[in-house]
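One chain, chain A, links the two complexes that follow: it is found with chain B in the first and with chain C in the second.
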Partner chain A sequence: MENKNGKAFLYLLPAILFLGCFMVYPLIDVFVYSMEEGYNFASQTYFSVGTYNFSYVLHDPYFLQAVKNTFLMVVITVPISTGIALLISLALSSIGPLQKLFQTIYFLPYVTNTLAVGLVFMILFKKTAYTDGLVNLILKWFGASSVDFIDGPYWAKMFVLCFYIIWVVMPFKILLLTSALASVNRNYYNAARVDGTSPFRIFYKITLPMISPTCFYLIITGFIGAFKEYSDAVALFGTDLNAAEMNTIVGYVYDMLYGDSGGYPSYASAAAILLFVIILTITCINLMVSKKHVYY
Partner chain B sequence: MKVVLQDLTKKFKSRDKKGKGEVVAVDHFSFEIPDGELVGLLGPSGCGKSTTLFMICGLQKPTEGRIFFGEDDVTDLPPENRGVGVVFQNYALYPHLSVLQNITFPLENLKGKDKLTKDEMKEKAMEAARLVQIENLTDRKPSELSGGQQQRVAIARALVKMPKVLLLDEPLSNLDARLRLQTREEIRRIQKETGITTVFVTHDQEEAMSISDRIVVMKDGVVQQTGKPQEVYEDPVNLFVARFLGTPQINLFEGRVEKGQLLIGEEAVLAVRGVEDQPLTVGIRPEGFLLKEDGPLSLDLVRVEVMGRDISVVSTSAASLNPTVRSIIDAEMRLQVTEEKVRFALRPSKVLLFHKETEERIYPEEAE
Partner chain C sequence: MEPKTDYEVIEKRARNRKRLSQTILYILLTIWAVLVCFPFYWMLLTSVKGYGEYNSEYIPKFFTLSPTLKNYADAFTSVPLGRYLLNTLIFTVITTALMLVVITLAAYAFARLEFKGKNLIFTLFLSLMMIPNELVIITNFATITSLNLRNTFAGLILPSVTSVFYIYLLKENFAQVPDSLYYAAKVDGTSDLKYLWKVMVPICRPTLITVGILKVIECWNSYVWPRLITDNEKYYLVSNGIQEIRENGFGRENIPAMMAAVVIISLPLILLFLIFREKIMSGVSQGGTKG
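Let's look at the complex of A and B:
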């Protein structure tokens, strides 16, 4: 028995070492940093240990802005992207011909480079000296006044960002949902049809419960992904997100480390710990809800 | 309610690369199922029996032909308006609903004047549950039930709306041997109690023979023979039906008829009248052999299997078309296992002769 355990640990060793170096140690280190007050990066010294860093971050208007942005994004993008993905997958799985073609088309954004996507969004939304952007052109046709989506009002920027995120995360959701739909045994539908079940009731009473594990997986990972949002905001609004009022929590952490106003690993660590707590709480709530509603 | 199938035909588009051509799954199937009978559709997989079942229940549209329930033409009716109950092969019980909710499900779909109150639904569901004897399991989820219990739930769900016709698709194929025996008797009992015209599909001839009032043997979409199980067994129209029915399988030999004598190998084994001289395929049911010291048919003994009630003698012969010849004889007949040869006389009624090419039966001649 002893010998067997030793062997098992030997096999586990590479993974344990790797995870220890790059996951566990940094995590502990972040926690340590976040408690060291007045840490000086150059001299590697600090004054005392306490919660000042947290209190600083929580009173920083930039951080509060980032938290507000992040929550707005999460609340908007996760339900909308999952909902639309579900509708598209349902449509995809009920059409016969051209299904493969449409599946490929819907999956394309997933394999497209983020910067290329950013470029397309620039063409769609950005105002330049020469053009107002495609969307504004269309808005003008309908008689609306043009809006600066990239440097304009807050809601316009938030709209573009959410639109962007939804568009980027959708393919993966569609992929998982179509395969989940395809794995539902056809006999359930046959049985329901013989009993004269209406299509809506079939969806609500049979399809949805059957694919509920996939749905909740997508919602949970969607929440986590949206809370960690950063790169898409950069692709749209550039690196100075604070100035654009479009910063996210991860963006704030990055700025505190490396940005123009950076060099504060303690503040960055405190913000990172706060984000961790937020995600942990939300995920726990998600799991608790899913226990009630997910079958199997 | 009697069910009449008239020239029922189903063609599918063939799935080859060119996308042309058709596969005929069911070919001009005509049959009348008398009211209140249990009919078994029997055949090897891919013979079109499930397709026929799905056409009767309305999940598939026939390419040609009509279906009547009583006097009503139901060919163009959707399944929910036909009044059928279906038990699917893997039961298709909704895994997220309890047994009671599963049974109630069809009732909840009723609309308009048929709409039931919650209490009425529950009462009807419990009634169906009692019929299949699962009334103490109604709070469980399907995954907490054994295969046999799931089967009962599926039957209860199919019966809860009191259908005119009950259809079962391979109802026993997911059960182990003992449960299968028990469940098929159960199906028979429920069918008798409710008097609902029932069609079930199976590839297991024993299953079909044991509980059906009538069986329909199919092959490649074409009905080979219909009739009472025993009649079809004793009186198969062709080699396929003869081979398909009966365990152990019918023994087949290469033989020929010469001057009114049936020859297997060089031995004249039986006098057959009215058959022209020709080579043919000889089928002998396992129970058609009689152990006899000076019997005309001699076989090379391989082994003797004692099965209590009777003895199975396994032997070989150069003329045999199967690897071994299996004969079943009464256990009373003591057998000398030391012998290398074993000699049999044949029961004339258990010997069937088939045409070598067409595989139609040529002896005994059709009764008509």
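Let's look at the complex of A and C:
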């Protein structure tokens, strides 16, 4: 028996080592960091223990800006992307030919590098001395005046960011919703058709309840993903997000840790823990709501 | 005769309505497909426009009559794009290979071996899935820095090696292999390691390949950790490379050359996707979380 235990742990050893060093230990350490006041990265010393780091972060205008941006992004992108994805998947599942082709095309953004494609979006939306950019050209066709979406007003920047985020998260949602729709038992639809049920009622009374677990999974992961938004913003506005007023909470954590304003792991830890608390709260609310509305 | 014609009219109307709704669906789907493809088209188009041509177009053109490949040559000569690609390749291959070994061993222990506290340890493993990367990255940064591993491949690779989720996925797959095979192998005196390598791995190869491909995509696109851990251009991966190119590369105005670099960086994954389309899509619908 002893020998057997030993062998099993030998198999588990690499995984336990890696997880212990890079997940469990850091998880404990991040709380330690967040309580150490005036921590100095170079000398690894600190004055005292307390909650000053949290109050510093909560009073930092950059953090408040980041929180505002993140919440705006979440509120805008999660409902819109889930809604459009649902519409597209419904359309996809009710056509015959070309379905595979469309599915393949829609999935493309998933495998591409966000930083790289973000650059293309930046060029499409940017206004420079040489050109107004393609999007502004289209705006002009409709008689609107041109706007610099990358260095311009706040709402314009927020618009591009949300647009890009939706473009990036769509493939995952479409994929999951299409496979959920495909797994609904055809008999329900046939029975409804025999009864002469209207398409809207079929959707509301059959389709939606049947795919509700997938929808809620997407909403929960969508919230979590949107709260952790960072690299899409970097792709569009560059690494100095504070200057662009487009920082996110995760961006704030990394800026505190590293970069021009970096070297404050305590503040970074405090901000990361605050983010975690926000995500946990929202996820719990989601789960509570889902208990009422999801049919497993 | 009256009722018969009535049916014909009804059927015809129904057919027409169906045709109309199908047309509308196709139009809507095509609009979204164009929205998805357009950035790719634009980056290809811009990458073959000449520098002068691009900058003289106040109103951007949707096509070019004089495509040039000079930008691609520039992308490799005036910025170290080749090095970024090589770094990313090394990082991706080593990380994926190491991860496959680690998760195979762990999944085998959970699926096949009996030991004290197995359920407890497995539950602990699963609970680690809840931990967001942002919480642990701060200490990892400090750890790697204090080990003097910044700007090394070891520093890049080590924290990215394990994935609890993939252990879980593989364990489920291993558990489906019938027990009788294991006992037969034991009777023949086969060692566990040999059984794992000769029986389990070949049977579960599809899952292993899927997990491997998903990890390759993740590695190729990873940005945050490499950015924290490398500030020497020699160790940049493509994501950091593209950011560096954008900020200090060709000169801010040489957009066509930038787009050539973007095309080169995006191409490997798009090819991978087209080859393994089914595998990637079924793998992501099982366990992807991006979004």
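Annotations
To be clear about the criterion, the second predicted complex is superposed on the first by the 278 of 296 C-alpha atoms of A that agree within 3 Å, B and C clash if a C-alpha of one lies under 4 Å from a C-alpha of the other, contacts with A are read in each partner's own complex, and residues count from 1 in each chain.
One rule holds in what follows: a residue touches a chain if its C-beta (ideal position, glycine included) is under 8 Å from a C-beta of that chain, and two chains touch if they have at least 3 such contacts.
Just so we're clear, the structure is a prediction, and the values are computed from it rather than from any experiment.
Superposition of the two structures on chain A shows chain C fitting alongside chain B with no clash.
In the superposed model, the vertex angle chain B-chain A-chain C (Cα centres) comes to 70 degrees (nearest 10).
Of the two partner chains, chain C is the only one touched by A:Ala91; chain B is not.
With both structures placed on the common chain, the touch criterion links A:Asn185 to chain B but leaves chain C unconnected. By the touch criterion defined above, A:Arg201 reaches chain B but does not reach chain C. By the touch criterion stated above, A:Met23 is placed in contact with chain C alone, chain B being left untouched. Number of chain A residues touched is higher for C, counting chain B against chain C. Legend: residue contacts after superposition of the two complexes on their common chain; A:Trp141 is shown touching neither chain B nor chain C.
With chain A used as the common frame, the shortest Cα distance separating chain B from chain C works out to 5 Å.
Interface of chain A with chain B (complex): residues 185, 187-188, 190-198, 201, 205-206, 209-210, 212, 295-296.
In the complex of the two chains, the chain A residues touching chain C come out as 4-5, 7-9, 11-12, 14-15, 18-19, 21-27, 29-30, 33, 41, 87-88, 91-92, 94-95, 98, 102-117, 119-121, 123-124, 128, 130-134, 137, 167-173, 175-176, 179, 218, 221-222, 224-225, 228, 230-231, 234, 238-239, 250, 253-254, 257-258, 265, 268-269, 272-273, 275-276, 279. Residue ranges on chain C touching chain A, taken from their complex, read 22, 25-26, 28-29, 32-33, 35-37, 39-40, 42-43, 46, 55, 57-60, 101-103, 105-106, 108-110, 113-116, 118, 121, 125, 128, 131-132, 134-143, 158-159, 161-162, 164, 167, 192, 217, 220-221, 223-224, 227-228, 238-239, 242-243, 246-247, 253, 255, 258-259, 262, 265-266, 269-270, 272-273, 277, 280-281, 284-285, 288-291.
Within the complex formed with chain A, the residues of chain B that make contact are 57-59, 78-81, 84-86, 88-90, 92, 94-96, 105-106, 109-110, 157, 161.
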